[in-house]
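Labels run A, B, C and D following the written order; every chain starts at residue 1.
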Amino acid sequence: MGVIFKAEEVSLAFGGIKALDGFSIELEENTITALIGPNGAGKTTFFNVAGGIYPPDGGAVYFRGERVDGLRPDQICMKGLTRTFQIARELGEMSVWENVMLAPKGQVGERVFSSLLRWGTVKKQEKENWEKAEELLKEMGLYEERNELCKNLSAGKRKMLEICRAIMTGPELLMLDEPTAGATVDETKSIMGEIERLREEHGLTFLVVEHKMDVIMNLCNPIYVMYFGRNLAKGDAEAIQHNEQVREVYLGG
Amino acid sequence: MEILSWILTIATIVAIYSIMGLALNVHFGYTNLPNFGIAGFFAVGAYASAILTAPHRFREMEIFAGFPGGVAGRIEAPFIVGLLAAIVLAGVVGLIIGIPLLRLREDYLAVASIGIAQTIYYVAVNELWLTTGSAGIRLIPMPTGNRYLYFLLVLLLLAIAYWVVNRFYSTPIGRVWRGVREDEVITASLGKSIFRSRMSAWIAGCSIMGAAGCLWAHYSMAIQPGEFVPTTTFLVWIFVIVGGLRNNKGILLGAILIMGFFEQGTRFLPAIGAPYIMPAIRLIIIGVLLVVFVRFRPQGVLPERHKKIEAHIR
Amino acid sequence: MKKLSIIAILVIFCAVFGFAKVNTANAVQPIRLGLLLPYTGAWAWVGAGADPGAELAVQEINADPALWPIHRPIKLYKEDTETKSAPAIAGARKLYDVDKVCGIVGPTSATVRSIIPLTKEAGALEISPTAGTTKLDVIGGGINGEYIFRTVSSDVVMTAGMVWWAMNKLPFKPTKAATFTADTEGSRSIKGGVVDACKVVGLPLVTQIEFALNQPSYRAELKELFKKGPQVIFWEANPATDATIFKQWYQMGYDGQWIGSDFANRTSAKGSLPASEGVIGVNPGVLVNERTNAWVERLNKISGKKGATPFSANAYDAVILFALSIEKAGSDSRTAIRDALRSVAQPPGVKVYTYAEGIKALRAGKDINYEGIAGTQDFNKYGDPITYLKAEVMTTKDPSGMKRIGTVLPEQIKDIIDGVLAIRAKRAKAQ
Amino acid sequence: MNRGRKTRPRHSSQDGVYFAMEDLLSYGLLTFATLALPSLGLCLAIKVTKYFNLAYGDIVTAGAFLALLMNLSFKINIGIALLISIALTALLGVFLHKVVFKALMEAKVGPLTLLVVSLGVGLVIRNVVLIGWGPQPYQFNTPLTRAKHLGPFFFTPNQIVMILICILVAIGIFLMLRYTQLGRLMRATSDNPSLSLIRGISIEKVYTYTWIIACGLAAIGGVFMGMLGTIKPGMGEEALVTLFACLIVGGIENPYGAVVGALITAFAMEATAIWISPPYKVVSAYLLMFFILLIKPSGIFGREKIQWKYFLGFLRSRQ
């Protein structure tokens, strides 16, 4: 067990407003860490910095000991860190299977000439990727909709699709931004089950932003609390629930 | 049946334009790169092949007619070299132009690419040593010797282009391109480089346009800069949008409908008043058609077809 | 949906061709003659000018059934080149294959080269009334077989005329000249001719400027042009550009005598007067005599305009030559007409001045030499005639915008033409 | 030597010195006068409506031809003809907006769709003009005058009036944008269309006024182009890409940038004609646009800094 991901004193300002103000976080391998905080605390901004959408103004982000801040999103993803989005964003005019099959890394057919010339390899890879995707879709209950266009899916299903897509990139660290938002109770359960299963069977690490406290309390350890772009508290579910500051922020904020 | 011969001429022109339509589909339909500089890449392909394959006699005649003989006619390469050069050179020009352009928002890209095509046009007009200027290059050999066989050659290349573009759609690269079209941020966060994906689509499309240019040069056997004006670009856009953006069959249909009927079929209509009125009315109809289609049927006559996974894996 | 569309296309095509077929079901099969001109696009004024000439010729030929060539009337099939290759090819293809014409009158310099392979393949005769480009000087001649002729002279002739006029007819003797031409083929052809002709007569060219057409401003170009103070400027552009050039030239207060080519015509004058007062154009023109005056009057009835429109005489001659060749050939077979052309157009035949005269002479079994309105139409070995040139001056005093000030006869400029051709032959050999 | 044009121009080669810089100043200012106002109008239209209108060039043409109609057919003085043309062209713009673009904007289609539609609209306008007037060039019926030297400048009286009008109108538009209620509304709509709706501003009204102003400016530009050169159906279409070059150089949504961009583009074009090669005059505008896009895509007045590393765009490390 080692530290897989570390952010040190990350800060970022938008036109004078400090969205991140020296925020630090450390993720242990094979854990599910939660990041909570009231709206506007900077959770999504932190995801965007870690995912490479914004380069931070100050501080550093390390993944497996390698500095990754300032890299492009695709470079970060290729290193094994995949994130999802708070509001499910889907590739609407593409079908579910295409969405999922877009994700795997190292597809030979992503090069112009290979896609035209190396038929056999491309076809073989497609079959392999689909086998993986098929299994995943079945578990997440999306298999029936595999040929649907994504824009026709319900909000919960889109969320599930997004997680499927992220998993298909074969990440080592998955950063999920509100994975159960908009999902029904059953869907929430299957998402939670999937996260737990992936951690156990594949040794993945998770960072989860979530508002549903029951989900967090059952699933995650440790929990980081964020407030106005700063660290507020860290601890297990028990400790956080009894932390005075946290209660004040949530009730008073 | 000599009427068949005329239909064959129209069909050849339609087929060559269809290839450009397919390339536009790679740019705009798949990857959302609104290329309004089609005429420029068409010109690059046409000139590359024409300069390489023009016979020595062309150069002698130029000099006799009081013009400086240029590069054209020095090399006398075979058709296949011209075709490859057209494809490669159009791709290279696309690469150079793409570096600044592909970082732009779509509508900026559209406007900037018009300027690029115009620049290529002015170069073709003014660089006499290279392009023989506005007089253009003639005596370009038709590789098959006769135009019936040439039509078959064009059909063959259209079929290849169709196959390539179709294959792009269903292979992983097509998924990446369409991912870029739908949402760049997601596609990037799934580990796909946006710039590289856009660039590969851009170059692939430009090369196909170059191939179309080469075919045109060897068909008309004489090219001149005046053919590579924005109207050419707009015509391709119009039939792609009417026929069905993102659907390769739709593009072929659109090319037949717009190019075949509006461009050539109207030759059979009686003239009204001054001779410029009928063509003007034709263009007005095309303009109105464009507005109506975008307003009421933006997906065109044939919309995008989504493949089922079962069909894909099989 | 797909099937429906395909059926719709088929129906449309059938309807269109059906329409075409019905048109041709006449009692006496007319002789089909193609007229391929730019009715739209950059050179629309050329098509508009030449069209009435061809119409007039057909009207005169068809007027008396007794004088119909091979006892059939002539019917014109018109196609538009849009001044672009693709429509020109499609148009010519339609003329040869659908309308089954026996030959084509047209098109212009811009598109003629795209049509040549088609004409060659059809084995037909093509007479261009408007393509003056020097690039046709060799093409139509012996190398490719004799299928391209023109009733307009090569730009070599016109430029020789321009330079001749500058040397002989101006109130002063020029010592410095300049060219000011657009970057189009026609203009470059003119420029090349002027450059060589000036060499022949020994007129130094101090400045040679090329410019892009249709710009909003030519001030910088004009400034550059007059830097070395040329007294004569040989120029060619297009009507829209002429208007800008002359307005700005006038505003900038420059001097100098402008001499233009066939592009210095009434369309150009209407656009650029009064700034272009005094500008001279040397272009293919009819002689001024009773015969041509009567011809112009007849033409005016058709065109509805005053005076001879550009290239109308050339188009007229081309159609007449076709009709005479058909009569001479005795059929409307394409190759037969082609082979008959020289024996109706040039010496040693009997000189004839009208169609009626010519056909009567032919029926009497004589060889003829048609002397056209635009020129003698005696073809040299390249299929080119040396036509009459006229000099006109742009002036507000004439309601049409241009007044004729003189004629240039072939014999006057023969030396210059021979000199230019010699220079070019030498240059081609040196390569 | 002929026709009484005895007066030699003061600055011909006989006088020895050739002041290319002076020429540049005069020619550049005149080209600027034809580009500045349509460029400003196009800028306002893009700023408020958020799409690139390819029909704008043809609206310029329409403005010129409407003035021509007044000037030639109804024998109205060119000044009054210009005013009438401004009104009519503004009407045309509002008509186009209400009939074609409004519905599409309400349907929330992307800017690219509107761009393609405007292409079709432009085709229609251009060819209607062609049917009405034919392909030949026209001139306004204005007296022909010689240019005179005024210090370093070399203008005809009409051209001086044109340059003055151009500068005054541009200043007027800037003041309007800054100090009037309409100007504030336009800027508010530009910054945040949805917010303007919430605050009870009728966004439709702002669009209408924007089109009136943009098309009015287009008409002035068209008439000026016609005064300097000729009037023909393709004139606006040919100018359109140059106008876009002006905008991109200055910064697409910045009115000051549009005018300064027009100034820079005009001088670059004339400098190319003087020192490099006349046929490449227009190309220099495109290349300038290309260069600005390369180093500073938001234009000279844009917010971001010049990014020289964009030259190696494909190697850059950030999105």
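Convention: contacts are C-beta pairs under 8 Å (C-beta built on N, C-alpha and C of every residue); 3 or more make two chains touch, one makes a residue touch a chain.
As the structure is a computational prediction, the values presented were derived from the model and not from experiment.
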item	value
Chain ID, smallest distance between chain and overall C-alpha centroids	B
Centroid comparison with subunit C (C-alpha atoms), farthest chain	A
Intercentroid distance (Cα basis), subunit C paired with subunit B, Å	33
Distance from the mean Cα position of subunit D to that of subunit C, given in whole angstrom	39
Cα-centroid distance, subunit A relative to subunit C, in whole angstrom	74
Interchain centroid distance [CA atoms averaged], subunit A/subunit B, Å	42
Residue numbers of subunit C (touch at least two other chains)	40, 44, 183, 210, 212
Subunit B: positions in contact with at least two other chains	122, 125-126, 188, 194, 274, 276, 280
Junction residues of subunit D, two or more chains touched	135, 279-280, 282, 319
Residues on subunit B engaged by subunit A in the complex (per definition of touch)	164, 167-168, 171-176, 178-179, 181-183, 185-194, 200, 203-204, 304, 306-309, 312-313
Residues of subunit B defined as touching subunit C within the complex	2-6, 9-10, 13, 59-67, 69, 122, 125-126, 133-136, 138, 142, 147, 220-224, 226-227, 249, 253, 256-257, 260-261, 263-265, 267-268, 271, 274-276, 279-280, 301-302
Contact footprint of subunit B on subunit D as seen in their complex	51-52, 100, 103-104, 109-113, 115-117, 119-124, 126-128, 130-131, 134-135, 237, 241, 244-245, 248, 252, 277, 279-280, 282-283, 285-287, 289-290, 293-294, 297, 310, 313-314, 319
Residues on subunit D engaged by subunit C in the complex (per definition of touch)	1-3, 5, 7-9, 12-14, 18, 23, 26-27, 30-31, 34, 135-139, 144-147, 154, 156, 159, 225, 228-230, 232, 234-235, 238-239, 270, 273-274, 278-282
Contact set on subunit B toward subunit D in their complex	32, 34, 99-104, 106-108, 110-112, 114-116, 118-119, 122-123, 125-126, 188, 194-196, 199, 230, 234, 237-238, 241, 274, 276-277, 280-281, 283-284, 286-291, 294-295, 298
